[in-house]
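Okay, got some structures for you below.
Shared between the two complexes below is subunit A, which pairs with subunit B and subunit C, respectively.
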Partner chain A sequence: MRFLSLVSQHRVVIILGLTLVISALLVPGYLSASTLGLGLDRAATIGLIAVGLTVLLISGQIDLSGGAVFALAGIVSVILQREIGILPAAIVGILVGTLAGAINGMLVVGLKVNSLVLTLATMLIFRSLAHWITNSQPVTGTDIMLSLALAKIYLDVFTLRSVLFIALIVLLHFWLTRTIPGRNVFAVGSNPAAAKESGIASDRIVFLGFVFAGTLAGLAGVLQSLVTNTGSPVFGSELTVAVIAAVVVGGTRLEGGKGSALGTLGGVLTIGSLTIAMEFQSVPAYVQQVVSGLILILLVVLDRAVTTKGRASGTRPALVRDNPITQGGTT
Partner chain B sequence: MEIGGVNRNDRFTRGSRLVDVLSKAGLAFAIVAVMLYGSLVSPAFFTSGNLLNVLTSMSIVGIVVVGMTFVLVVGGLADLSVPATIACGAILSLGLQPMIGPLPAFLLAVGLAGLIGLLNGGLVGYVGINPIIATLGVGTIGLGIVQAAVGGVIVYGSNPASAEFAKGRLFGIPVVVLIFLVIALVGHFVLSRSFWGRWTLATGGNYSAAEASAVPVRAVKAGAFVITALASGISGGLLGLTLQSARPLIGGGYEFSAITAVVVGGVSIVGGFGSVPRAIAGLIFVQLLTNVMVLDGVRTPIQGFLLGILIVGAVGMDAALRKRGVA
Partner chain C sequence: MTVAADCALDMRGISKNFPGVKALSNVNFAVKFGTVHAVVGENGAGKSTLMKILNGSYAPTSGTIKVGDAEVRMRRPADAQALGIRMVHQEINLVPDLTVAENVYLGRMPGKWTFLRKREMVRAAAAVLDELGAAINPRERLGNLSISQQQLVEIAKAYAAQPRIIVLDEPTSSLSEHETAALFRILRKMRDDGIAIVYISHRLKEVLEIADEVTVLRDGSMIQTRPIKGIKAADMIRLMVGREVSNVFPKSPAAIGKSVLRVEHISDGQRFRDVSFEVRAGEILGLTGLVGAGRTEVARAIFGLSRLVEGTVSVNGREVSINSPSQAVRAGIAYVPEDRKGDGVVPGMSVRENISLPILRRLTRFGRISRSADRALARDSVKQFSISPPDGERRISLLSGGNQQKAVIAKWLAAKPSALILDEPTRGVDVGAKAEIHHIIGQLVAGGMAVVMISSELPEILGVCDRVVVMRDGYASEPLLRSELSEERIMALATGEEMA
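Moving on to the complex of A and B:
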């Protein structure tokens, strides 16, 4: 058990290191700046959504609709380009993400339902909306040159997206570890009842968490659509598992109350470098799915194995407490 | 709690009976309303051809619904690996035909789907992982493996006799519908009349109390996922045999159709309450609604949109009723 918990604590470093070493051995030229830059850019899409999900998971909730919001925001930002110009369209796209997050948050807080089930339903709603607006056809933007400008690589490694992602991770790190609202998120996630008794507005924090997650999913979608100059209703459907896997690799617990921004950075980099390595070896997409699914399941099981047992009932975080499965699960 | 026990009990039962009547009659009313609307807007609605079509497509989803009812009642939230188990059933029951013959292929496909369910059940019931995360992960893995097994391509049937059987009729009723009815009946009796059903309801209603009463809660919880996987395997196999082709994404969307039906039927999302007939009533309502929308020319995305809203509405109502302690 002690060994397992040690592995669990430092797993981000271990897993990321292993991934890089194995990839470097198997893929020629893997450790070059341009390959790593490509991996980082790829990881940034997952990463932006993962930043939002990290906050939500720490507060004891989850959002499965991120991939659908990603597609919807991208489509809106592309469709509106002809009407109101590129920059306003992009802003509206991000706001669509914010709105989607607000809807999720309002329904979860207002109806007091399990966020897993609720965001599953809103995922269907947002995805259908994306198909509805576009007639299930991909849409293209007006300015092809913009996508080239956005995909420009600085210092051999960084793109706009990856810089934005890293900046957000740093900000999130300071917010979570150094500020009072950041600490409150942990309080709400680890013990909502106690948090409420201590005068923390749990509902508001959960609501804002959803808004934050929606906004970032929207931002990721808008950037993706601008870089590819395309909006498609099927974008992001395979992201859900990858994003959750990235956050869980980073040590954030599905049960809430535990997690870190730097961990998520590690998790996202792991998933990104894995993806790039597999693409370089032309591993088919479905095998990549198997890998990210396996990582997710193995780590969740590992978490479960080292989890501290015997918390008093009623003091569990929302996702566990509202979830009959985990009630008294391990004792 | 301070209110006198009798008084509270009285209110409790009265509320419960009221909700019971409302939810049953409400759904029946909704079904009749949809049928009336359908016959008004489209002359094609009340033709035997259309109703038979609805019945057939309903049966394929319905087999999954029977299993999903167990998952929800036992408190398993939802099984998101259904697309993978359906694909497993469809692809393997067609792909293995040339090698081992149609019936063994079908049985093997269902068996392997059951294996996916066993993995789900083990993770949820014994390891204690959140069911949505577990089934999402296992589904992704399962679908990937099935795709890898056939090289990610579409598989076609090679045995006309089995196709004839699956598309055929017995006493004028499509075979698929008959199979669905048998599975629904068995599911209903298991859930409402057998010890396994009582255990399922007890585990979903109060996990700790059920455990203290020597109910094998972990096995019961795991069992619900195995039942769903077997049901989806059968459903996928039948789907493959009727279509005579199976692509890896053949089962996409079935998980939502099944969850919608069960939730709309009034089965509680937190477990401990529900029955197969209720879920099937929900299924009939949703399927008729979808059919009327199709006949009315409503596009597929809008149908998905409305299904999503139906789930939110049903889940919200369930939560509201629970809060007032009447459901």
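Moving on to the complex of A and C:
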């Protein structure tokens, strides 16, 4: 039990460590700077969206539309390059993500509907919009050189994207642990009724959570399009699952109230290094998905084993309620 | 007593209608600063509706509310809080994943700009907890605390807000004697500081001890407000139920038969040791004791919810091995747990579905549930236990606590057990429902069932049980016969202190 809870507490580190060790044993040259850099860059795309999703999941919501927003924002930023220039187009692309998040948030808060179902619906809509705008064809940008500049590797390891991701993780960590709104996000996700009764503006927090998540999905999509000089309606179609997997591996609870930025960092790196390792070994994509799925199952089982045992041996409420003296004595 | 007599709160002509229900009609309720004002009434009398109006959760259909000298309209809890009204709920309403300090300052954490001043907050929370006499680490995650500690945090949270009016709804239902005494100390201090305290409780003894005034509600109407001086518990009960309750704990005589459930020298290795007792057909055996004495653990172990490391359990003279509840049910044992909400009912299902849950297999023919048998069972149970409203299709969570409890008992009786273990069957139910539940238990033993009733309420134990086993620190006393029973005797055994 103690052992299990220790394992559970540090599970991200353990899983990440295991992934790296096993990969290093199986894949020659895995622990080189260039491989790590590649893995980190790959992880950063998942990671940017995961940062937004971490906040949303802690607040008790979920956003399935991230992958679709990713594609749509990228397409907009590429198409508009000819009209208004690269930088303004990129900004508009990110704002498309913000707008999509605002729509999600408004609908969830305003209509008081389940965010799982609602963002499933908006996911279909955003994805279809992306196909509609592009006639289901990839679109290309104006400046190939830019994509080379953006893909440049600094200090043998870092790309622009991965630096941005790590910076955001640090900020998120600080925000979640040290600021009042950050703590309130946990309150809203852990016990919405108590949060509301205590005067916390839960609706606003949830709405802003969606806006934040949408903006980051937009940012990730725009960066992807700039790096590849392409906007495609099929971009990011398997991203949502990878992102949710990464955040959950990082110890964030799907029901809300629990999670951390550093956990998400660990989860994202795990998914990233796993992907890279399997790609190096030419493991087919479908097998990769099987492995990710198995890892998720393992985690859920581990979580359950720890929590149920904890409940059985912890202080049961019944023990402390019994009190004949105060209840039964005569006056 | 205090001298301040300024009106802290004046609610006049308050009515509240819900679709199809009149929850409150024309209630007047006034509380003075510096007094403790108790509100009593049966479940469903309108206490919680009145408090939710006071708390800003509901808007009254009609009526006026004055806080201090000003007439106010509150639309949400935040409005009430801004007016200095704080509510301590009976149900813990805190955030399990935040720390104690964060919970105490929930919604108003101290900080500069957006940045949390954690150290300041922890220090302030520690000071408040200290003042309340609660030994709780403010950095602890709230979810790791016991229920009684969480209740104290809830009170600390209200107190830390320095309210003008504080409403406590059954604050002692999860507190120990020591903690209740500490709470009363702090309530008196708050009262002397001039805070107006509204105190809602089923425990009339506590009301008599702490309150200055009492208001009785019945069926959504205010029956009476009067000073606590000169009022007796019996008077309050009469006002609450609107009739004389001659015998709150009716004891029904039943012929005592042969031994049904017998446990010998059972231990779980942790919480209880060497516990032996037997219950015979037609007998009610009381199981009582102090905090953590191990009563619930014994019941759970007999029912197969936890493991025995030693000892034997026999049903109807045959030794049985029970490792799971389903084995226990097959052996003829049923267990109605204490935590109704958590373990007893499936809230989303109807009364009928809840009742037939354990015996669905018996109602099934060729894999299909017999609708008519299912309905007939529900109809009979509703009638036998006078479950109100008498509608098997109603969702069980819409019933009052007492009626839910009746349905839970009905559910286990449908499995036709020979021994029934009831864990605090009347906790949190009102006086009328309590009597009905006692009546039902009486009928069951009259029909030859053996009943083990765990209860903390000594009057209940004394009134209902044929024999009583008192537990202390995991050990069980010899059974006391009815003729040997007195509160003093039980308390002596429970605390281990012989009376002079």
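The criterion applied here is as follows: the second predicted complex is superposed on the first by the 297 of 331 C-alpha atoms of A that agree within 3 Å, B and C clash if a C-alpha of one lies under 4 Å from a C-alpha of the other, contacts with A are read in each partner's own complex, and residues count from 1 in each chain.
FYI, a residue touches a chain if its C-beta (ideal position, glycine included) is under 8 Å from a C-beta of that chain, and two chains touch if they have at least 3 such contacts.
On a predicted model such as this, the values are computed, not experimentally measured, just so you know.
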* Touch check for A:I297: first (subunit B), second (subunit C), both, or neither? -> first
* **Contacts of A:G199 with subunit B and subunit C, given as first, second, both or neither** => second
* Asked: Touch check for A:T98: first (subunit B), second (subunit C), both, or neither?
  -> neither
* To do: May I ask you to decide whether A:L129 touches subunit B, subunit C, both, or neither, giving the answer as first, second, both or neither?
  => first
* Contacts of A:T215 with subunit B and subunit C, given as first, second, both or neither -> neither
* Check the residue A:T45 against both partner chains and state whether it touches subunit B (first), subunit C (second), both, or neither. => neither
* To do: Using the touch criterion from the header, give the chain among subunit B and subunit C with more contacted residues in subunit A.
  => B
* Touch check for A:T270: first (subunit B), second (subunit C), both, or neither? -> neither
* Asked: subunit A residues touched by both subunit B and subunit C?
  -> 319, 322-330
* Any idea which subunit C residues touch subunit A in the complex? -> 57, 77-78, 81, 87, 93-98, 102, 106-109, 111, 114-116, 118, 144, 146-149, 172-177, 180, 203, 205-206, 208-209, 233, 288-293, 295-296, 306, 338-339, 423, 456-461, 487, 490-491, 494-495
* Asked: In their shared complex, at which residues does subunit A touch subunit C?
  -> 178-184, 186-187, 189-191, 193-200, 257-258, 312, 314-331
* In the complex formed with subunit A, which residues of subunit B make contact? -> 75-78, 80, 123-124, 127-134, 136-141, 143-145, 147-148, 152, 204, 207-208, 211, 221, 248, 256, 259, 269-272, 299-305, 307-309, 311-312, 315-316, 318-320, 323
* **Contacting residues of subunit A [partner subunit B, same complex]** => 64, 107, 111-114, 116-118, 120-125, 127-132, 136, 233, 240-241, 244, 254, 284-290, 292-294, 296-297, 300-301, 304, 313, 319, 322-330
